[in-house]
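One chain, chain A, links the two complexes that follow: it is found with chain B in the first and with chain C in the second.
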Partner chain A sequence: MSTADLFAILRGLPWTVALTLGAFLVGAVLGVPLVAARQSRILPLRFLAMIFIQIVRGIPPILWLFIIFFGLGMSVFPISPFNAALAGLGLIAAANMAEIYRGALASIHFGQWEASSALNLGRWSTLTDVVAPQAFRVALPSAASYLIGLMKETAVASTIGVSELAFQGNQLSQLTFRGLEVFALVGMFYILLSLPVAWLSRVADGYLQAKVAR
Partner chain B sequence: MLPSLEELSAWLPDLLSGLSISLQVTALSLLIGIPFGLLLALGVLAKSRLTKIVALFLVEVGRGAPALVLLQFIYFGLPTTGLTLGSFTAAVIALAWNTGAYTSEIIRASLQSIPHGQREAAVAIGLNRLDALRYVLLPQGLRVALPALLAFSILIFQGTSLCFTIALPELVSRAYEIGSNTFRYFPALLAAGVLYASISIPAALLVSHVEKRAGSYAQR
Partner chain C sequence: MTEDDALAAKGAPSEKGQARKPLIKLDKLSKHYGNHTVLDGIDLEVMPGEVLAIIGPSGSGKSTLLRCINYLEPPDGGHVTIGDISLNAAAPAGRSELSTLRRSVGMVFQSFNLFPHMTVLRNVSLAQERVLGRSRKNADERSMQLLSRVGLADKAEQFPGRCSGGQQQRIAIARALALDPDVMLFDEPTSALDPELGLEVLAVMRELAETGMTMIVVTHEMSFAENVSDTVMIMADGKIIEKGPSADVMRNPQQERTKRFLRAVHDR
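After this line comes the complex of A and B, so read on.
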């Protein structure tokens, strides 16, 4: 393994990071209306959101990327590999983040809602001022471990030609016929990438958990 | 956009045989991976330092690296050492490793969730370590672990779709092949998606049912 090979793999790093953060951001934002619909008082809306989440989670990520990149990309509108991967992984992240938010909301003690209505807060301000800040703290560790999971999931984007870590590793192994070292190195990069996220999550969790009512 | 009925009837045998390969890989990975996970969990909990380090390494790499990279490591990497595997064998080995790494954490957590008194009681009535595990700890631990293990099985079923990259003719490969032959990518991939969903969604509903049932037995 020469340093040139190492740099060849490293060229994939920005793409992996961009795809991970982009998809996570899309998911974290789209997850909010999705969980709102999932918890809504209107039955059809609740039902639709539930079906949407189940379908998105019921189909493997690689197939979503193919449906978007080959399926839609070749017949409806042309789409670049990166955007297709971002859309597909963002969609999956939205469904998963909605479930994480839902779990966090459910973990907030019912007394918090009761206390808010005793203080004559409306439904909206109860949510934004009392429940959501606490739910955010509960959701943080699971969101962080989902972020790590999503980072590993971005490896499937190599199949539609996004030049991220796994893609570069694939290219290099075909070039050098040294798959063993190359893929071991690629795997190590993914493990190294997950370390700072895990560490940050533990630190943030230590600060934030103290402020959740029990 | 949608596949016509004739197309569906022409594609279905192909897609179904792909699905059956996906299911075979899933079943074998779980059959090998879960006992392997139990071994890894016991290894991580072992007193011997060497066993602990080896088990931890296998768990951390199996969980830390993406399943796709594990697959390619085994399928494209191992031949350089002179060990060439077919894509089916490589898929089962990689996914069983992945399963073992994840389930070892599930099993370890559930073994540790058993009150300490159970182990002490087993020692008190003269069971050796193996019997304590077999008759006291595992029956209780696996009941706790069951919902998480089932949920993971669905993920492994979906994970078999990654075997597309090592040329295993499973469901995604079949759909992609139909797409590239007929240029009807969207309908073919959609049909594959429906097949995946028709297994994953009922399975997910079953898991949440089991979760509720198992929760009602738990002592708090």
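After this line comes the complex of A and C, so read on.
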């Protein structure tokens, strides 16, 4: 395989990274109101959020991309492949992040809420000063492994024509008929991408754990 | 100060018997979990400076009573009055009412409930800034005073996880005191501690009692009930069985249920 082939695959790298980080960001942000609705005292809101999360997570990612790109994109409003993939994966990430947040919140001992009430901290302060920082620590490892999972998930975007890693690999293998080498190389790039995430997550977790020493 | 004045200042039942207003007044306070009655129409008055120990078998409702006073668990019948604030348990409490009520009540929990992700100093300062609107500098100054008072100034920059249980409970006491409450509630403050560590917490509580703080203490520490508190109240099955000056109740109980409970405690 020539250097030119390697560069052909590498052209997909920025798209994979952009799609991964973009979808994760969308999910991490939208996950917050979603978990708030999921935990709301207002029953219909809680119910709606639950249904939404179930539906989003219940349908395969590839189908979501088809629905958005071929379905909505062709009939309702034109949408680029990248934006369709970002919307679809962002939606899925939001549902998953909401569940990760929910688990993290549930792990906070009720005594922390009680102490906050007894100290008369307002709801906002209880959340931002007491609960969220502790929940963040709990959510961090699951969020990091979800980020790695999401990165691999972005390969489905190749099916609607986003020229990310898998897409470039597919193109190249059809040009060169050397699928084994090409896809092995593509696979290696995915692994290389996941390493810094795993490493960062471990460092952050170790740091937070050392600080609290529990 | 003469002894009488000291007693009066402490709010102990004074010989002179001038009409003093109770700081805390509970009228027919009740609480149910489904069909189960946890508190069965509790009437109680606590004078300013009084130290009241609540003892009794587990499941008697003593912790629930304490938690109803600051609405950590809202009672479902009766009235809670603290100072000038009175809440009717039959009506849902508004947020500002609750906040006013809680402003005057400090609480210490059996399991400390310190915030593990903050330094000891931050634990004590946080609510001062958020609730009282003190500046960080003023809050930290006050926190350091209180931490010195409980003998833990050197732990200020540590995280709670690095402190022993007894130290954590003393920090929790400083944290509650930092909001300048009128009354301090203690929910079995030494039950999660081994006896030696419990002693250092009891010493802090005794010192606090001597400064004239109004305290309600749910406890299994009979010597605290007898020697530190002014008044002892025995609860069983959601009712007050007996209440009176601590020496009388502990040494010469009138009710059969009280005698049985105290005998069981002494036989251990």
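In this section, the second predicted complex is superposed on the first by the 209 of 214 C-alpha atoms of A that agree within 3 Å, B and C clash if a C-alpha of one lies under 4 Å from a C-alpha of the other, contacts with A are read in each partner's own complex, and residues count from 1 in each chain.
Everything below uses one rule, namely that a contact is a pair of C-beta atoms (placed from the backbone, for glycine too) under 8 Å apart; a residue touches a chain by one contact, two chains touch by 3 or more.
On a predicted model such as this, the values are computed, not experimentally measured, just so you know.
Peer 1: With both structures lined up on chain A, is it a clash or a fit for chain B and chain C?
Peer 2: In the superposition, chain B and chain C stay clear of each other.
Peer 1: Quick one: classify A:59 as touching chain B (first), chain C (second), both or neither.
Peer 2: first
Peer 1: Between chain B and chain C, whom does A:137 touch in the aligned arrangement: first, second, both, or neither?
Peer 2: A:137: touches chain C, not chain B.
Peer 1: One more residue to check, A:112. First (chain B), second (chain C), both or neither?
Peer 2: A:112 contacts chain C only, not chain B.
Peer 1: In the superposed arrangement, does A:120 touch chain B (first), chain C (second), both or neither?
Peer 2: A:120 contacts chain C only, not chain B.
Peer 1: Tell me which partner A:156 touches in the superposition: chain B (first), chain C (second), both or neither.
Peer 2: A:156 contacts chain B only, not chain C.
Peer 1: Considering only touches as defined above, state whether A:129 meets chain B (first), chain C (second), both or neither.
Peer 2: Second partner only, chain C.
Peer 1: In the superposed arrangement, does A:197 touch chain B (first), chain C (second), both or neither?
Peer 2: Neither chain B nor chain C is touched by A:197.
Peer 1: Using the touch definition from the top, say if A:29 reaches chain B (first), chain C (second), both or neither.
Peer 2: neither
Peer 1: Is the number of chain A residues in contact higher for chain B or for chain C?
Peer 2: After superposing on chain A, more of chain A is contacted by B.
Peer 1: On the overlay, how many Å separate the closest CA atoms of chain B and chain C?
Peer 2: Here the least C-alpha separation of chain B and chain C stands at 20 Å.
Peer 1: Intersection of chain A residues contacting chain B with those contacting chain C?
Peer 2: none
Peer 1: Which residues of chain A touch chain B in the complex?
Peer 2: Touch residues, chain A against chain B: 54-55, 57-64, 66-67, 70-72, 74-76, 152-153, 155-156, 158-159, 166, 169-170, 173, 177-184, 186-188, 190-191, 194.
Peer 1: In their shared complex, at which residues does chain C touch chain A?
Peer 2: 70, 72, 99, 102-103, 105-107, 109, 111, 113-117, 126-127, 130-131, 159, 161-162, 175-176, 179
Peer 1: Considering only the defined contacts, which chain B positions touch chain A in the complex?
Peer 2: Going through chain B, the ones touching chain A are 1, 60-61, 64-70, 72-73, 76-81, 158-159, 161-162, 164-165, 172, 175-176, 179, 183, 185-186, 189-190, 192-193, 196-197, 200-201, 204.
Peer 1: So in the complex, the part of chain A that touches chain C is made up of which residues?
Peer 2: Against chain C, the touching part of chain A is residues 109, 111-112, 114-115, 117-122, 125, 129-130, 133-134, 137, 211-214.
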